[in-house]
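Data first, discussion second: the structure below is written as structure tokens.
Chain IDs A, B and C follow the sequence of writing; residue 1 opens each chain.
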Amino acid sequence: MAAAEPKPPAGVAAARRLARGCWSAFWDYETPKVIVVKNRRLGVVYRLVQLLILLYFVWYVFIVQKSYQDRETGPESSVITKVKGITSSEHKVWDVEEYVKPPEGGSVFSIITRIEVTPSQTLGTCPESVRVSNATCNSDEDCVAGELDMLGNGVRTGRCVPYYHGASKTCEVSGWCPVEDGASVSQFLGKMAPNFTILIKNSIHYPKFQFSKGNIENRKDSYLKHCMFDEVSHLYCPIFRLGFIVERAGENFTELAHTGGVIGVIINWDCDLDLPASNCNPKYSFRRLDPKHTPASSGYNFRFAKYYKINGSTTRTLIKAYGIRIDVIVHGQAGKFSLIPTIINLATALTSIGVGSFLCDWILLTFMNKNKVYSHKKFDKAGSGPEAWLGPA
Amino acid sequence: MAAAEPKPPAGVAAARRLARGCWSAFWDYETPKVIVVKNRRLGVVYRLVQLLILLYFVWYVFIVQKSYQDRETGPESSVITKVKGITSSEHKVWDVEEYVKPPEGGSVFSIITRIEVTPSQTLGTCPESVRVSNATCNSDEDCVAGELDMLGNGVRTGRCVPYYHGASKTCEVSGWCPVEDGASVSQFLGKMAPNFTILIKNSIHYPKFQFSKGNIENRKDSYLKHCMFDEVSHLYCPIFRLGFIVERAGENFTELAHTGGVIGVIINWDCDLDLPASNCNPKYSFRRLDPKHTPASSGYNFRFAKYYKINGSTTRTLIKAYGIRIDVIVHGQAGKFSLIPTIINLATALTSIGVGSFLCDWILLTFMNKNKVYSHKKFDKAGSGPEAWLGPA
Amino acid sequence: MAAAEPKPPAGVAAARRLARGCWSAFWDYETPKVIVVKNRRLGVVYRLVQLLILLYFVWYVFIVQKSYQDRETGPESSVITKVKGITSSEHKVWDVEEYVKPPEGGSVFSIITRIEVTPSQTLGTCPESVRVSNATCNSDEDCVAGELDMLGNGVRTGRCVPYYHGASKTCEVSGWCPVEDGASVSQFLGKMAPNFTILIKNSIHYPKFQFSKGNIENRKDSYLKHCMFDEVSHLYCPIFRLGFIVERAGENFTELAHTGGVIGVIINWDCDLDLPASNCNPKYSFRRLDPKHTPASSGYNFRFAKYYKINGSTTRTLIKAYGIRIDVIVHGQAGKFSLIPTIINLATALTSIGVGSFLCDWILLTFMNKNKVYSHKKFDKAGSGPEAWLGPA
């Protein structure tokens, strides 16, 4: 059958020869031609520059910045908190159930340190607070019936009535009466508050690296019933005195308990997962989070009420609570060896080492005695050049 | 002692000579030999390609994308909120304590705009809701005693009793009675709700760059008592009208107040920390977060109750609350000059500029008139080559 | 005016000529001189090394790791939850309003499965719990009046009184009486709890890519009223049985319901935004989040109270609730084609492909028969060298 095949025409034969040539050229090895300059001063400069770049990469990029690692920030985190302690105001003993809001033990909770109680509010009519704008009046004409002040306490009835105390008069409102400003009583709960203990159970998980860890000692004995947090000796005992937290945040406890405020307990899990898991430890820091000196709504407070039904009518105790809100904030980053960033950084390092030759080429061609010779050796001239276009100088 | 040292044998001397040769070769400077092609058209192409690549890096990579910066996303954030306002339904005045749940002023809270109240529920027996599957009955045989429907209101007693209203009959259940569907009364609180004001205090912290900032003006006067948020003139007055938030989220207030919904107030802190701190400003955006048109559990509502004890027996008022939930979501990223990304991107830029020579080499060897000459100049042939293996063409 | 211009002096003319020379040199094209080694074995090695590096980049870096994409982690997320179901203990029927805390339907909520009720606590005096350290006493001398134990229940009155039951005596305290340890009654709510259903509405938004998606089917029919989550056939029906969640987290329901615990429902949105949006689907996983076997405060519980006013004096029902806390955790990352990472990785790939020539140069100069010849061809020697410094060997 091969014999039956017709002889290819000349063009095809030429194309075949070309293809064969290309194919054989494909397997040629090409390497740049290099000039070796036997000059020790230049060689020393060249090697020094390379050494500097190498040192920078080895020490800073790879050792300090750990650029050979793949990173993950923002671990999945779960926080369970539990406050323990008891305090007393003048007439009353307060337990955890009363001073911690909300009670569920999440990552954000408030410890109430001062309250302003307005007991026995009922829906009815009473004088508006003097603090509300345009609330003071001389006669009924000053009060528009049906008016609703957004920052007031109810709908105006249109009458001007004597205030709770003193000689002034304010417009009467229909709402929860008496209003807070007229009848509230202050109580300070913060006396024993610095001794409250807060247990913060935190466990984190880095999904990319399948790594989990908790901040709590896994011991079978009663260690956790008696220990207290200490960075050096009791790092895995996450039980904090409230006073310790406030002090570490740089705040004055009495002042903070009076005005309220938000303290962040920041847990930082900075983990090098190339090392054993025992090297991945939480780092705690404490910081005041709310702006301290803003005039509007400075500090931290909120209102809640307890509702009662007495003889069929609803009564409530309104409580304005000042307290220390604890925000447990968890962040962190984990790093683990990974090929891609390693190769990217290595390739960058190799490229950068080549930068040294730019400098040396410049020195070679500019400062060396025999630079004409070197220039002649380095550069082969080819082509007619642009002289024809520019004409003689 | 030196004189006592024996003369090294010939082999050692040769090794020494070799080591000394290597050592001296180590300090040689090597630089690639370069062909200079004096052809202006090719030079122009070469420089143009280089210019394009350079422009891309300088403008896009470095100026637009700021690739010379180290970045951190997801700042630590703390949010304190406070709602102010008062509203009225037909019979009653509602204050913040009643319509904001939970009251603690965190980053997620609901403003109740409509309620369905089932007053005076007690533990007892009553007809099941007609909405529960298989609740309607004709006789006691239709009701299995002790059955507990997961979506019902209690354990069936086995009796078939007349419904609250109308002529139908349903199975009797033991639970909190009367059931919601039979006795609830609707009240709309949303009349004044668009005028409620919400103060959102937010402070962020980028731990990597040790940078903190808040969204609130640090002024000593009463500015924050009277201002209202405005992107242009009052960016640092984070007091929002609820109506403004809903409108900016593109929703109809009346509709939203009726069905409930979740609105996200998204605060974005995009900061270039190479500039002064005053250039790092919050950007607010508002977006409806819950799916609007899903048939199951569309909108947003939840149930809570108030418990009373009357003559020793427990009574509760069950409230199904429809409301606008506000989720304050804080995100952001900060960038600051850092050596590593700068060097990586510079090295990439230099490598990429070299890409221009690929193109020009190809033009040089393919299209130039004297390409045979250039080819001869560029390539030095060496070695016996593959001809011996392939045989003559 | 041109004629009035003076002829420039000779130095200026020389400078001009130099500048013109530089200018014309700037447009020269420079390309490295290359040695072509016609050796097929070396060529094969060279191409094989290049092929390996190319394969690594194409397959691993670009296809597996998608390094050509810009990435964003940590989407903005909004979670709305709703629990449905009804359960019964010995004497009572419990509905959602009673066993879900907090009721607002956020991303973290607890389903109470067991309670210890201390009914009818009033402010008064009663024996301290025997569990409190130093609470047991023989006579009044053992009790210091005014002492406040942080882990106790009130201020000591100084008297030693008989305990609630048994023959022991403890110090009397002033506080909420009777104390929990003396009078609490346990009730188990968890009987029907595995059948509770939890609806988890989640919507995410990647601000960098302006991409939003929810985890809920957008169907107009009543599909969502009857469906139940299933990874294969009902991925977009996010309604979960509590028993399903606990089982998937690898926990025993009865045990968990007894001691309480925290279960994470982790929703992972890993999205390749180069593909259509329908390829970006949520992936659910379930994991126990609290440490199971820690002795202190193992499991999950919290206390809350209901306050009543009876004949003017306040009474409360203290409830210690054990429950299953569900933490809905949303994370994810999105990737989309972007020029910068593509170019960085391409440049790295090109640089790395060049690494093959290092290997081949070394083979060429070390193992080839004619390496003297190649060495002579590759290296041009220039300069006087270091011989003058070192002297003859």
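The definition used in the following text is that a residue touches a chain if its C-beta (ideal position, glycine included) is under 8 Å from a C-beta of that chain, and two chains touch if they have at least 3 such contacts.
As the structure is a computational prediction, the values presented were derived from the model and not from experiment.
Superposing chain B on chain C by their CA atoms means rotating through 120 degrees, a value rounded to the nearest 5. Under half of the residue numbers at the chain A-chain B interface are used by both copies of the sequence. With centres taken as mean Cα positions, chain B sits 13 Å from chain A. Multi-chain contact residues, meaning those touching two or more other chains, occur in chain C at positions 24, 27-28, 30, 32-40, 73-74, 102, 308, 344, 348, 351, 377, 379-380, 385-386.
If you check the complex, the residues on chain B that touch chain A are 24, 26-40, 43, 73-74, 76-78, 80, 82, 84-88, 92-93, 95-98, 102-106, 192, 195-197, 199, 201, 203, 205, 207, 214, 216-225, 306, 308, 310, 315, 339-340, 343-344, 347-348, 350-351, 370, 373-374, 377, 379-380, 385-387, 390, 393.
Residue ranges on chain B touching chain C, taken from their complex, read 16-17, 20, 24, 27-28, 30, 32-40, 42-44, 46-47, 60-61, 65, 67, 73-74, 101-102, 108, 110, 123, 148-155, 173-176, 262, 264, 266, 268, 287, 289-291, 293-297, 300, 302-305, 307-309, 318, 325, 327, 329, 331, 344-345, 348, 351-352, 355, 357, 360-361, 364, 377-387, 389.
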